[in-house]
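Next up: some structures, all given as structure tokens.
Consider the two complexes below, in which subunit A is the common component and subunit B and subunit C are the respective partners.
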Partner chain A sequence: MTSTLKGITLKGSAELVAEFFSFGINSILYQRGIYPPETFTRITHYDMSLQLTTDPKLKNYLTNVVCQLKEWLFECTVQKFVLVITCLETNEVLERWQFDIECDKSAKETSAPREKSIKTIQDEIRSVIRQITATVTFLPLLETPCAFDLLVYTDKDLMVPDKWEESGPQIIDQSEEVRLRSFTTSIHKVNSMVAYKRTDSA
Partner chain B sequence: MDLEDDTSVLTTLKSFNSFISRTEPPQRLSESSAGNGNLQSQYKRSMELFEAAERVHSKNRYLQLDGEKKQMELSHKRARFELEKAASDSARDFEHEVDRNQDLLGRIKKLEDRETDAAKKLSEQVEANRALRKNLEGLNRKLEERDTRLNTASQTIITLKDEIRELKQRIQNQDSTISSQTLENQEVQEQLDLQRRKYQEVSQLCQNLQAAQSSCSEHIIKIKELERRLTLQEQDIAIVKTVKSEVAKVPDLEKDVKRLREDNAFLRESRENCSLLKEEVEGLRRKLERMEKKKEELVNMELEKERLAEKLKAWENLGQSTGLNIRKPEDLSREVIQIQQREIALKEQNYTLNSRVRSAERLRSEFREESSQQRGKTLEEQKKREMQDSLVRRLQKRVLLLTKERDGMRAILESYDSELAPTEYSPQLSRRLREAEDVLQKTQNHNAEMEVQLTKAQDDTGTLKLQLQTLELESLKKHQASAADSNSSVTKEEVGILRQKIEDLESERQRLEEQNNILEMRLERHNLQGDYDPVKTQVLHFKMNPTTVAKQQRQQDVDALREEVTCLRDLVRSLQDGGAAAHSKADSSLHASGLGLSLPPSKEVLDLRKQMESSELRNQRLKEVFQRKIQEFRTVCYVLTGYQIDITTENQYRLASVYAEHMDDSLLFKKGSNGSMQLMETEFSKTLGEMVALHLHHQKSMPAFLSAVTLDLFSRQTTI
Partner chain C sequence: MAEGGDVEWELSKENIQPLRRGRAISALHHALSQQQDGLSSAINQQRQAFESELRMYDGDDPLDVWDRYIKWTEQTFPQGGKESNLATILEQVVTRFTEGNKYYDDPRYVELWIKFAENCPEPLDIYRYMQAQGIGVTQTSLYIAWSEEYENQGNCRKADLVYQEGFKKCAEPHDKLLQFHKALQARVSRQVMMNVEEDDSDDEPKEPQRVSLADLKSRGKKKAIAPINRVGSAIRSIPGGIQSHGASVLGNASNSKLVVFDENKTRAGPSEPKLESWAAPPTSKAKENEQKPGIWCDVKMPQKSKFGHTVMAPPPPKPTFQPFVEESDQPPTMTPCKINPAVNSVLSARKPCREETPLKRLQEHHQQQKEAESGKLHEQSMYCKELLLSGATEFCFEELRAERYFKKVTQEVKGEKDPANATPN
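So, the complex of A and B:
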């Protein structure tokens, strides 16, 4: 973490954004009931109570992905980060939580910290997570057993690391999209949105 | 002979022995000494000794014989005794034998009797034999009869076997019906289970009933409360009576109210009328305004009509003056159309002219450019020419210099020639001279070439100048032509066209902008849906992500299940094919049900299920029994002790007496850690201070206290 209260560096920004993704994914998984609620524990972060998984496999997976993502954020090569919820019975994509990341690549050259305090960034992040929690009210109920996947849209010239592979965009057929709030660390700007499969009744 | 048999013999023998042993040594001495003496004496002596020895020996022999005699006598005696004894024995034996003889004789007699009996029996037997033979013959006859019967029986047996086969078939049919009935039985058992469940529900309902009973007691309390309220109600009734007197005044008031209402209605009607009238007035006013407006319009129309008439006249005049046949607007429009057509034609001409002008201008500008280029070229050429002129001049100067040098050199050479001998240096000099002459020749050639070039360049410039002039002339001509074409009206039209074009372009631009916006929106939407540009972007994900893991897991499950299904299918098939015979009867019902299920439940499972059911049933029954017993116990406690004991919370017991005046009256006891009971303070226990002091503090007896309370309450109830 950047220790300075006033400014923020590229490294600090990458850490903050990665941390946001970690908590965001946990929140979504809890809210959407992808994993049973008893496998989550309550912790306090960003001055709000959040749910964090205790499932060792899931934990391991998330740390792996978030670490790699942090690296890419630091290199400013990541464009989008997507959480895809798939129905296991029909292999159909039901929900897509997309986080568009706009990197200010000029931050790579100049190491001077930007004028934005961590406190304000965390306030913005908090409002995004609140909104994620609130989306449960309008998203359709997931009635079938579902699993999730994390996609990362990166620059084409990036070397694909071990344990990673190329994937399709997993686009939903006939979707409704809702834009959510965004936040910026003044180096990385994260626009969040959720797309979900349009149900026949709607 | 035995030495110990007779003591006397023994003593003699001993003495004899002792004597022999005593006499021997002197004898030997004598013998040895006698050997040495005279043989006569020795003989005599030896004879003496021999005689003595013979005497001794005879004596000894006598003694011995005497002993033997005695012994003989003794043995004789013994023998006589034994013989006597044997005689007595034989006598006894004899008697015994006589007795036996008599016995045997008796037996013989008996046997003889028996023999006679046997003979009798034999004859009887012979007779019996004969009778038996007769019987045998009869039996043979009977046997034959039986054989015949047997044949008939075997026939009947065959018929019976047929019957048996029929019966077996019937039995099989019945088996099948039995299997169906077992199925029915299962159904019935299921129904039974259902009934049992219902029974459980009923038992639950019973429990509910108990709860309802308890609630009933609560209701009783409520009833009491309601009674209290009833008294309050009575008080209220008194108040109501006072109110009623006030109510008596009400009719007068009602009359007033009626009157006032009527007034009100009248006023309302009048008000409505008033509003209607107002509306009418309003409508009329509007009409009036409209009429006035129409009047004004009429006046205006008239004025306009006059104006138009004047115009018409003017038009007619115009038509007459111009000589055109304009009488009607149609004519005018026709005329206008003609004019417009003409105009269009002119415009077209104009356009063609314009285009020509433009092309001419373009040509002119091209020519201008060309001419400027040509001018530049001529300038260059002129420069070149000047340079070449100067070069020529320089070369001429050099030629002059060279000729002078040559002349000088020749003069020097000649001077050398004159001074030196011509033989010494002439070849060298002549060579040098030739070389110099060659150089000269070359320079001269070069010079000539240069001059030729110069003239050529001058010619080029001349031709270029000519071209330039012709081009200028052409351009001038064109310019004049275009100038002649383009007059002011054309330019205006052109401007108009251009404006139109600009407008068209503007509208197109707007259309394109809109399209662009739409496309951008679509792009945005695609972006929102997660689309991406495959040229710039790639999508990555972790290989072992939860989705693939879950899918793999699912696939594995599906495979395992499929395998199991095929396995079971094979099993079913084998059962259907060969197993039917092996599991003929026992499995027939299972098999029948197994076909539908495609999996006959294994015997173990069935057993376990049965066990489970039975254990559940037992549990259920035990529960019921416990409940009943507990209930019974409670009621018995209640009846016998007069206290209903409830457990409110852990280690707290509430006792309510039968004779309690109120439902709430109860005693609370708390069980301490060491098992001692303590009375807790309640509303009721406060009223029992005396008893508490006496029985609990003084006597320290809980039962005494409780019975005292019971007695107290009982006495209170009975007195009331």
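So, the complex of A and C:
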């Protein structure tokens, strides 16, 4: 079904990006050991195997977030999406995964599909997720039990929905930052980056 | 976006050893970009600086230099390996400060021991040795590393016991010990729960099963059957080799043809294996080949004739003629070689033999120290052997002298400058 589709619309783009976040969050939670590995199940998507949580509460939470995100993506009002990993006991921020989203707002006016095949986009997404997996080579081991939090940066004039609240940026001081790959659907462009607490060597 | 340069770490991600504390990405980029054109002079210079600092340091915290040196090495050689000299340095530092227990409870020293242990083939031995010597017994990190090693080997009970030992010794920081112990308990209980669930779900009897590979099929005319005896999941804990307990093997029909003779079995009946020095070589009653060694050159295999008698083949007659040898022809007495034959002592770097584990060397060192204390040592080097050989590389006298000279010069320059600065003020 995808092979015949040549172009991409705003709606489709929002869906693709939201789907990326869903898999991306799951990957990070699995890779960084925020939830025990037994609570994940392996599925195949983007021609690669990915881990999806089976924890019902977490699943529900993620679905809610991603649904809301999809709406904002469709309205082109999101600027950033951030996953913050904090130490459960001290509430110190240990890792910060930031995804900057650039929306092409002109897509809202014209409904004509853009020229970019879903396959190319998915290839780009795949390499981003691969890179997320590969970050274990330099990220410090998370030794303490951790919690995670999701932050969304939106345009200023947006109404805050019931289930959301305003929050601080939760930035790590003295952090090491690594830019990851980016991908674009030609309507939404997502730049990824991870920041982590600097090692006390050197 | 400067993505082009940033993917380098991803391309060589398999060659980067993960560190507990993570890596500084700038150091990683630096190390990876330099990898392509060999060891750069910058790295060599830095290493040399560390090496000479090790020797020239005269403050009261010599461990600090070592600590920085090792951290630098870890960051600079992401792939580890021989080039990094990490194993050598770790062994050096660990051995060096066993004299006098100044650092025994220093978290840095214990951390170095743990790194050393992780580099060794048998980390558990090292941890036991540490405990016996009283190194780091009040440090939480020792118990965490020790317990994690047990857990990795699948021995959760021992892993728990290690924490109990830590509690007994009141290891610091206490919170961390408590937290890691809790985490272990949580993991174990979750595992048990999972196992119970799995046991409920499948009612199949537990019979020998192959883990992953299927039975090898014979091809063509050959009817060879490869003996395979992988059984259950417990097989993982046994390090590769022959299984000594035959019970599980018996169930495997394909293997029953082949009975391996085990000479240890017949002997190890009543007596328990004890660690004692052998008064006499063990009796050879279980030996199979009883024949005495003798001269073999004229012995012939008796051959059976058609009629069943054994006949000896007649010895080949000696040639009655002299083979012709050309006068000018001299057979080459030696294969041509580039090395001057007068030089017969070719040196190569000594490789530690396989039985010589780092732990063994450590114990030897310890032994030597004891002997030295009791005045039994017969050797005494009359030069600063310690200074020349410490660190990962060897220094020569001139290098040391130069270091001292430069130090003196810089001090003199400073001494001259200071009064000059003082006058205008």
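Assume the second predicted complex is superposed on the first by the 197 of 202 C-alpha atoms of A that agree within 3 Å, B and C clash if a C-alpha of one lies under 4 Å from a C-alpha of the other, contacts with A are read in each partner's own complex, and residues count from 1 in each chain.
Simple rule for what comes next: contacts are C-beta pairs under 8 Å (C-beta built on N, C-alpha and C of every residue); 3 or more make two chains touch, one makes a residue touch a chain.
None of the values given here were measured: they were computed from a predicted structure.
By the touch criterion defined above, A:E165 reaches subunit B but does not reach subunit C. By the touch criterion stated above, A:P140 is placed in contact with subunit C alone, subunit B being left untouched. When the two structures are aligned on the shared chain, A:P36 is found in touch with subunit C, with no touch to subunit B. When the two structures are aligned on the shared chain, A:V65 is found in touch with subunit B, with no touch to subunit C. Taking subunit A as the reference, the larger set of touched residues comes from B, when subunit B and subunit C are compared. Overlaid on A, the two complexes show subunit B and subunit C touching the same residues of subunit A, namely 177, 179.
Across the complex, subunit A is touched by residues 525, 527-532, 534-551, 554 of subunit B.
Residue ranges on subunit A touching subunit B, taken from their complex, read 58, 61, 64-65, 68, 79-80, 82, 84, 86, 88, 91, 96, 98, 100, 147-156, 158, 160, 163-172, 175, 177, 179, 193, 195. Listing the residues of subunit A that touch subunit C in their complex gives 36, 38, 89, 130-131, 134, 136-141, 143-145, 176-182, 191, 196-202.
Within the complex formed with subunit A, the residues of subunit C that make contact are 1-3, 6-7, 9-10, 13, 16, 18-25, 27-28, 68, 71-72, 74-75, 179, 183, 187, 190, 194.
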